[in-house]
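Heads up, there are several structures right after this.
What follows is a pair of complexes built around subunit A, which joins subunit B in one and subunit C in the other.
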Partner chain A sequence: MKKIIKYVIIDILRNKIVLAYTALLLLISITIFNLEDNAAKGLLSLLNIILIIVPLVSMLFSAIYVYNSAEFVELLVSQPLKRRTIWLSLFLGLAASMALAFFIGAGVPILLFEATATGFMMLATGLLLSVIFVALAMLAAAMARDKAKGIGVVILLWLFFSIIFDGLILFILFQFADYPLEKIMVAAVALNPIDLSRILILLKMDVSALMSYTGAVFKDFFGTQTGLVLSFCVLITWIIVPGWLSLRRFNKKDL
Partner chain B sequence: MIIASNVSKNYGRLKALDNISVTCVKGECIALIGPNGCGKTTLIKSILGMVVCDSGFITFNGNNIRHNWKYRAHIGYMPQIGRYPENMTIGQVLDMMKDIRGTKNEVPDEELVEQFELNKLLKKRMGALSGGTRQKVSAALAFLFNPDVLILDEPTAGLDPVSSEILKAKIINEKNKGKLVLITSHILSELDDLISQVIYMQEGKLCFHKNIINLQDETGEVKLSKAIAQVMMKN
Partner chain C sequence: MLANNLFAKTIRVGQRQAIKTIQQGLLLAVNGDTVMVEPGHYHEKNILINKSLSLIGINHPVLDGEHKYEIISIKANGVLIDGFKIVHSAVSSIEDFAGIKIYSCRNVVIRNNILEDTFFGIYTQYGVNCTIEKNTLISFSKEEQQSGNGIHCWKADSMRIITNNITGHRDGIYFEFVTNSIIWRNISEKNLRYGLHFMFSNHDSYISNVFENNGAGVAVMFSNHVKMIHNYFKENWGDGAYGLLLKEISDSYIESNRFVKNTAGIFMEGASRIQLEKNVFEANGWAMKIQASCMEVKISNNNFMANTFDVGTNGNLVLNTFNNNYWDKYEGYDINRDKLGDIPYRPVSLYAMIIEQNPPAMILFRSLMTSLFDKTEKILPSLTPENLKDEHPLMKPLPL
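And then the complex of A and B:
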């Protein structure tokens, strides 16, 4: 397994897109931290950019990479290797590359400029988001044989988690404004890893006051130790479930 | 050595394999023959576990191949169209396969690499290779680890006459060492001096599996191409 991960990572590095992504993240984070006189404010600006870019790049790059490795996978499947080993190596190679890119591009500047609890939270959720969206991309790539279809699904998924989901939540909130929905909202957040990460970071920033009563309910839940542990469990579930589903699909796939 | 029992595979409505049962034993060189789209490649891919059959099972040395992967260490496979990572060089692909598959105490069989003069091309990218050179790489990889079973899907398609002769000599050589060789080809004339058995398939069904001598006796033809033509006419 180690050998195959090695070849996957060498191949990804040779491709240079991940290096460009790291450089872009590095450029954005250093610029933002230097623009704002207050590093905490910088973190807030960085948050919004990261929550858009990290899922998009992780997911698109991984999906395209998996489709382009079809030949490599075909070659490996006819060798004495478990399919599970091949698929997990591909996943681990991609996850490691994307997480490392995030760590160097955004993590290092965060640690340099704002090594506070908020900074660490952003680092942790950013790393988890990178891996979650690699897993989702692999699921899409395992399900759809057609490359255009698979990449289309990936773009739609990104749109859903970044924009459509929030719109739906707002719609429900306004439609059922007369009912107490705060507790349901806490549960609904678990359905979107991007929102969950955003809330975890915002609550550390003490700007939750801006989120009115719902914010207070969020704080009651996510502010506690149990809430925090539970949130991270949910984020990890977002890695395991798509990863496991994609593996199950790949094991039965005809190549 | 390889036994397929009642293997079926459907692609949607298309029956690629229809209840195929076949037994392949050591030391034979078997030709898989049939019109385009009759399921030859699907059968080969199911033996390799690349295609998962819908019903029936395949055993290799007595072990069911489903959920098994170690048996592939005994197979050398040369695909019909060799597809390799585009931005790796020939040298890197060869090294990678040795790294993944090679065992320390076994020396890889690089006879074909030398005879095809691939050593001179080690720095060439796979994406920039001609179809024929790619076939040479596929052939070299199939024979590299001294496998007990060789599965060759259209081995000589796209090869120049010299390389084709080198490959044929190598196949005969390996067969004489007591290995099982499975070949598909449409160029029947070049199978004449290679094979000992014939499997004929049509529309996913197995029409017959016969010894070449029996086939020659039955049809009264010495040449495989004429014998097969006669069988096809009868059907």
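And then the complex of A and C:
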């Protein structure tokens, strides 16, 4: 298993796209921290990158990589190896390289310029989001045999999580404005890892505003130790469930 | 008066003195005398002062009200109370028991006292020209109903409240029908309700005070000609908590204050003819919430930095003016280099309006979709009030 992971990582590095992604993140984060006169605005720009670019790149790259290594996977399957090992190695290799890219590209500048509670929260959620979207991409790749279709699904998923889901929430909020929706919203947020990460960061960044009435409901849940642990558990579930589903699919798949 | 002073005597009270109790000492004293109290623990029930004398404690002798009595009642002009530690006053929901209470008299000075676990701390009714300075008031109230105010003034005039420390009361400082008075350099923190509560009190100033972490911040209501200068409003958090609440206020100045990390820096309702200048708003949820009922509020030369929302409002009617403020969210340019932005800044964002209507929508704040909303609104304003804008925002923050 180690050997395959090692091979996957070396292969990804040779690919140079991940290197370019790292360089891009690094460039953006350093410019942001150097250009903005106050750190709060820098963090805000970085927030958008973490919530938009990281999921998109993680997902697209992983899906394309899985499709491109179809022949390699077939080769491995013909060897005396368990399918489970092959798929997990592929996942771990991808997850490790995306997380590493994020850590070097955004994490290091955060630690250098903004080693505050907000910064650490951004780092943690950014790493988790990288891995979550690798898992989702692998699920999409395992489900769809056709490459074009798989990549289409991946882009749709990204659109769903970053815009459509929020649109639906806003729609519900206005349609049912007369009902107490705060608690339901807390639950709804668990259905979208991007939203969950955003709120975890907001709780560190906009504490004052979040202390108003509804905010207090969110803060009472997410701001407490239990809420924080629970939120991270949900994020990890977002890795495990798609990962496990994709593994089950891959095990049964006719290659 | 002079003759009085020439023949004034000093009476010493203490365990090793001939006079053992303060009550005895007061009985022997006449107008103009000084009663010196040596250190010790005194259970004297209610000490009533009805002569113009000075009551001075050496090294903070303790006056204990045993949770049954009002400790000192002053009913004479020109009394001085200095250097006592006053503890455990009675608590009642019918009568306002206090550590020290001034009843309808003039020129009273209360200074250097420590008040602990009193119901009301220092209470004045119908006081004129009294000074309350350098006192420390600590209470351990849990509920609003069962707690009193720190420094409470009712129907008073020309009061001076200077360098007091007030913690744990219902309202730190309470003013009702108080005129021509000054509140200067006090620290009021961790009180259950307001750090400073101001009602029907005209022509007063409060300067260089610190109001931190109070239940609902500071409230100034139904008053006019109030000057608020150089105060520090900090970390007043919670729903309905404001750094400064202005309700039905007119003809007032708010200058050189700092509002840091409050849920709302200033909340204004029915305020008119108010000048807001040279204030700093930093890291608040809303720097300012101006209800549509306000008029002729002039907001100029302030710094707005790192606030989640700059301004919130509840309607489209705008009768107030914003001018020459610095907004860190301003994205305009300055071609002619006069240090003023060339395009107006609109401090009310679309999303602030949405949240005003639908508070749970806060959950979507800073998501991609809401940023897109705000961007389109900046180009084509539709929901945000058209006239609420700073025509000439500053490009650089003011050195405040």
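The rule we apply is simple: the second predicted complex is superposed on the first by the 249 of 255 C-alpha atoms of A that agree within 3 Å, B and C clash if a C-alpha of one lies under 4 Å from a C-alpha of the other, contacts with A are read in each partner's own complex, and residues count from 1 in each chain.
Criterion: a contact is a pair of C-beta atoms (placed from the backbone, for glycine too) under 8 Å apart; a residue touches a chain by one contact, two chains touch by 3 or more.
No experiment lies behind these values; they were computed from the predicted model shown.
A.B. asks: Quick check on the superposition: with subunit A as the shared anchor, is it clash or fit for subunit B versus subunit C?
C.D. replies: fit
A.B. asks: When the two structures are overlaid on chain A, which partner does A:148 contact: first (subunit B), second (subunit C), both, or neither?
C.D. replies: In the superposed model, A:148 contacts neither subunit B nor subunit C.
A.B. asks: From the overlay on chain A, compute the angle at subunit A's CA centre subtended by subunit B and subunit C, rounding to the nearest 10 degrees.
C.D. replies: After superposition on chain A, the angle is 170 degrees.
A.B. asks: Examine A:216 and indicate which partner it touches, taking first as subunit B and second as subunit C; both and neither are also allowed.
C.D. replies: A:216: touches subunit C, not subunit B.
A.B. asks: If you stack the two complexes on chain A, which partner ends up touching A:7: first (subunit B), second (subunit C), both, or neither?
C.D. replies: In the superposition, A:7 contacts subunit B only.
A.B. asks: Of the partners subunit B and subunit C, which touch A:187 in the superposed model: first, second, both, neither?
C.D. replies: neither
A.B. asks: Which chain, subunit B or subunit C, is in touch with more residues of subunit A?
C.D. replies: Comparing touch counts on subunit A for subunit B and subunit C gives C.
A.B. asks: Look at A:48 in the shared chain and tell me whether it touches subunit B only, subunit C only, both, or neither; answer first, second, both or neither.
C.D. replies: Only subunit C; A:48 stays clear of subunit B.
A.B. asks: Answer with first, second, both or neither: which of subunit B and subunit C does A:199 touch in the superposed model?
C.D. replies: After superposition on chain A, A:199 lies in contact with subunit C alone.
A.B. asks: With the two structures placed on a shared chain A, what shortest C-alpha distance in Å links subunit B and subunit C?
C.D. replies: 38
A.B. asks: Across the two complexes, find the residues of subunit A that touch subunit B and also touch subunit C.
C.D. replies: None.
A.B. asks: Which residues of subunit A touch subunit B once you look at their complex with the stated criterion?
C.D. replies: Answer in residue numbers: 3-4, 7, 11, 14-15, 69-72, 74-83, 252-255.
A.B. asks: Spell out the residues on subunit A that touch subunit C in their complex, using ranges where they run on.
C.D. replies: 38, 40-41, 44, 47-48, 51-52, 162-163, 166-167, 169-170, 173-174, 177, 181-182, 185, 189, 194-195, 198-199, 202, 206-216, 218
A.B. asks: Please give the residue numbers of subunit C that touch subunit A in the complex, ascending.
C.D. replies: Touching subunit A: residues 237-241, 261-264, 283-286, 305-306, 308-309, 328, 357-371 of subunit C.
A.B. asks: Which bits of subunit B are touching subunit A when the two form their complex?
C.D. replies: 45, 48-52, 69-73, 75, 77, 79, 83-88, 96-97, 99-101
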